[in-house]
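Have a look at these structures, which come just after this line.
Below are two complexes that have chain A in common, paired first with chain B and then with chain C.
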Partner chain A sequence: MTQEDIINLIKENVIQGRVTQDDEGLDEGMVGKPGVTELIDEALAAGIEVKDIIAKGLSAGMEIVGDKFSSGEFFIPDMLASAEAVGAAMEKLEPHLAKSGIKAKGKILIATVKGDLHDIGKNIVSILLRGAGYTVKDLGNDIEPQTIVAAVREEKPQFLGLSALLTSTMTSMQDTIEALKESGLRDGVKVIIGGAPVSEEFAKSIGADGYGSDGFQAVETVESLAAG
Partner chain B sequence: MARPGVVIEPYQRLKLTQVERIHRASLEILTDPGIICFNRTAAELFADHGAEVTATGREEAPTWQLKIPERLVNEAIGSCPKTVKLGARNQDNCLVLDGAEARVHFASGSEANKWLEVDVETFVSKRDPSRETELAVFREEKGTAGRLAQAARLCERLDSWDSFLRTVNIQDEDINRDNKDVNKFFVALNNTTKHVMSGLTEITKLKSVVRMARIIAGGEDEFQKNPILSFITCVVKSPLQLVDDTTQKAIEIARLGIPLVISSSPQGGSTAPIKEEGMVAQINAEILTGITLTQMVNKGAPVLYGSVPVRTRMDNLYDSYGVPEFSQYNVDCIQMARHYGLPCYSTAGVSDVAIPSIQAAVERLFSHILVTLAGAHYVHYAFGLLERTNVFCPVQAVLDDVHIDMVKRFVRQPEVSEASITDCLTQVRKVMTTSHKLYVRFVRHALRSGGITPPYPFESKGMTDETLVLARQRLEKLLSLPAPHLGQDIIDRIFKEVPGLLPRLRNL
Partner chain C sequence: MITLEKQFTVTPEQVCCEMGYAADSAPAPRVAALIKEHLDGAQPLIKPSYSYLLRRIELVFGASVLLEDGAVFHSRTIARLLERADEVAVFALTIGGELEDEAARLAREGFVLQATVLETIGSLYTQQLTDWVETRIEDLAHVRGQTISRRFSPGYCDWDVSQQKTVFHLLRDDCAGISLTDSCLMIPRKSMSGIIGIGDSGITDYNPCRTCEKHDCVGRR
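Let's turn to the complex of A and B:
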């Protein structure tokens, strides 16, 4: 297989949303054939430049997925499957980014706030952000403000994503932002919030930097804040 | 190939012992008090076949009292075909109604005088004149041949609409009793490739209608094999009276062996007992009388058990289709038909209210779900009917198509197999190894195979109900598609050989 073949296969498997060889993808008969993670190993072994893997394989595939989604051919589950594949690939490539001279797109800490166990929304946002090329560190759910503060101090992310499903727990978002202020870390991180009961108005009222009404808007908000 | 309909595991409202007791009650009704008959031929047929027939009327208006023995009814049930094929111009659209299988199909019905147009107008808030909103308003028109053509074209385009049963009464100025039958059948058959069913206005026009059908089907034998049209006759006027005109039509149609619905439509509380068991015992006796008649005329003539029981409204004595009793009566009748192994023509999807509305949606969905679950083979009245059955509204029919699709998805039996369980367990195990614990990636194949119900297509996005506005847009789109007209050579032949056709309807 040539380098070009491997890159094309990576692109195709991003479109198919296949993380590993066990995934079925969209077309029939894909199970057992290498998925994105196996192909990344193959690409690295074949000496393909990391920037080519990302640009010509992962990003090119994701661009096609985006077009298909816009035209109505693809649905949200397809976008998520493809984003998951890209996220898994980026995780594999992460150790190689620095030596390849590629600057990471940005680091995001994400958590469901204290008192709230609901993490579906947060998980979807994580998949989409990874798919968009960000490094995502997921702290989990029911996370105390002080635990988040400690993680921000240690990880030094550019963004912090906070999620809540309940009206009774959304106030913990404000507590977390207050805790960041008290620890002097608030200015170093952009805080984005999301979840069923919250709104743009609520985000402004608690001093958050951004709001995402769904996973896609969350990515757009991050991209927009990253661009300054 | 035939239209698939939806196969269900039937809901049994009545226990078997109750079904059998009602059957016996019907047989008792057929001998005491028996049936009043206004048709001489039928009276003679019943007498010839061993029924007790007594002349009761005056010489100028003869009537007969029939006491129909159980043996005759049982023989008729035995000789009825248990599977009836309703053919279609496009044979993939034919319906195979098998009395032993609960496969449900949906058809329109009634012969409404009124056609309801939905217009969209912009309204300005009095409180806040800067606020405008688009709302549906309604306009009543009369049924015409042109509108019947539109309804048939709509039937052609809506997936849930399996068979076209004439929707509106054509009241054009140049339509009269003599030319109504040929023109209504021509317009319907020229605008849909699905099965066409209708009543007959004039028995003398049966020959012309059949001539037309044979030309379209490709000959007499072809029409026999692929009966692209069928008839409905309401032979009984409830309670328990064989009407002269419709009985004669049933006799003539049965003689030709064309599929025929023997329907009865008593009103619980006025022309039938209001109690469920009484209503069902009576309507069952009425339908069995009509079926027995057809089998005496022509053993093996294809018939459908046509039950249209309704309940009386106590505030105005109109029919009521929206009350739960309507569904109970119909579900019971479907069980009676199944007890005899006969294909059942049943009723659902009508509302008492005059416009598409919340009340309309609730009333029609109630009967749609229950009657479908009961496993009727041919559910008529299922599209567009409002104000009981006085109004046909094409926008409502567009809504009904979507709602019936949802009902079909709901009643479909799950396919639980070793392979499907293994597949699910693999998914569970795989997902539990991921950090996100989401099953979304496994949805993709089901999404593409149609296994997942799409979002409601007329969902309102803002704070105004846009359902009717969006349904109207869909209607316009569907009606802009070309009509599936017959070939010009066929039309030429029909116009040459079938008298009474109006030239202006040729390319309608």
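Let's turn to the complex of A and C:
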């Protein structure tokens, strides 16, 4: 196999959502064929540059997955399977990133705000951001504003993602932003919010920097804020 | 609290529908295999239990409903729902915390798809248990020659979620093993609480969704 073949297979297996050779894919009869983790080993053994594996294999695959999700061809489980495959690949590549001079695109803290226990949406956004090359630190759910402020002070992330599922808890997003202002940390971090009850208008009204209506839009918002 | 031995059944088709698949879209083999695996694995994690009691309605005035022991529901929708009811059934139910603990473990380990599938299965079991408890209350009403209203939970329409405290106060020490957080969410999360009016046939008619303009509401009926 040429280097290009291996990269194309990585891209294809991201789309298929296959982590290992034991996984089924989108198509029948995939079990036994190498999945993303085996292909990463093969790519490294073949001397393919890590940046090409990420850009032409993993990211290119996720881009197609995003398009298919937006067009309605893919559903949430398909998108998650692909994101898991990218997450597994990035874990394998981790030891090689520093050697290759590749840095994470940025650091993101993410949390479900105080009073709210729902974390599926947050988990989906986390895995998509990891797949897009960001370092994500998940603070968990029902997180007090002051705990988030302390984590921002310590971790110095470029981005903070806040999630809430309920109208009764989305107000904690504003409390968190206010707490960041009071602590003098607000200007050093971009705040992105998401969750069923929130909207672009709500994001603006509480002084957030961005809003994501779904996982892919959250990633797009982060990318666009990162680009300035 | 009554712990149920009864087994509920969730099908792969129901899971797919809940996860957003259109009726004519089959999931990818990998997703289908995961759904089957987790449907098999979920059954022993489901520990359904429920509790309910009946309270006489003393007075409905404006946006308030006064019950026999002094508890008051504050909501225009609930007042309208119960204005022709004689009694209200107050209920709480749960499938227990084991399934959501397992889903949380999977999510922590990076298996977000598996965690999401398991959470979805848990939500479907909770819905089935809720329907089953509603049917028990309906059977009870039928025995008395009465019928039931639609069920409502704190957080629906204009009924503030903080009124969970009133619901749980009414249930007192028999809350099916469910506790409330400061923000009135239930633990375990796969739980449901609420009320159902009991009275003569006219109480079945009221459906606030018919006149509500929030067309994207997930609870629209």
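As a convention for this text, the second predicted complex is superposed on the first by the 183 of 228 C-alpha atoms of A that agree within 3 Å, B and C clash if a C-alpha of one lies under 4 Å from a C-alpha of the other, contacts with A are read in each partner's own complex, and residues count from 1 in each chain.
To be clear about the criterion, a residue touches a chain if its C-beta (ideal position, glycine included) is under 8 Å from a C-beta of that chain, and two chains touch if they have at least 3 such contacts.
None of these values were measured; they are calculated from a predicted model.
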| item | value |
| --- | --- |
| Touching partner for A:A55 - first (chain B), second (chain C), both, neither | neither |
| Chain B versus chain C as contact partner of A:P77, first or second or both or neither | both |
| Which of chain B and chain C A:M1 touches, first, second, both or neither | neither |
| First (chain B), second (chain C), both or neither touched by A:I124 | both |
| Partner touching more residues of chain A, whether chain B or chain C | C |
| Which superposed partner A:D22 touches (first chain B, second chain C, both, neither) | first |
| Which superposed partner A:A98 touches (first chain B, second chain C, both, neither) | neither |
| Common ground on chain A, meaning residues reached by chain C in one complex and by chain B in the other | 17, 23-24, 26, 75-78, 80-81, 84, 119-120, 123-124, 126-127 |
| Residue ranges of chain A in contact with chain B within the complex | 17, 22-24, 26, 75-78, 80-81, 84, 119-120, 123-124, 126-127, 138 |
| Parts of chain B lying in touch with chain A, wherever the complex brings them together | 430, 435-438, 440-441, 443-445, 447-448 |
| Interfacial residue positions of chain A with respect to chain C in the complex | 16-18, 23-28, 30, 75-78, 80-81, 83-84, 87-88, 91, 114-120, 123-124, 126-127, 142, 166, 168-169, 196 |
| Chain C to chain A touching residues, read off their complex | 19-21, 25, 27-34, 104, 107, 110-113, 115-117, 119, 155, 160-162, 181-185, 187, 189, 218 |
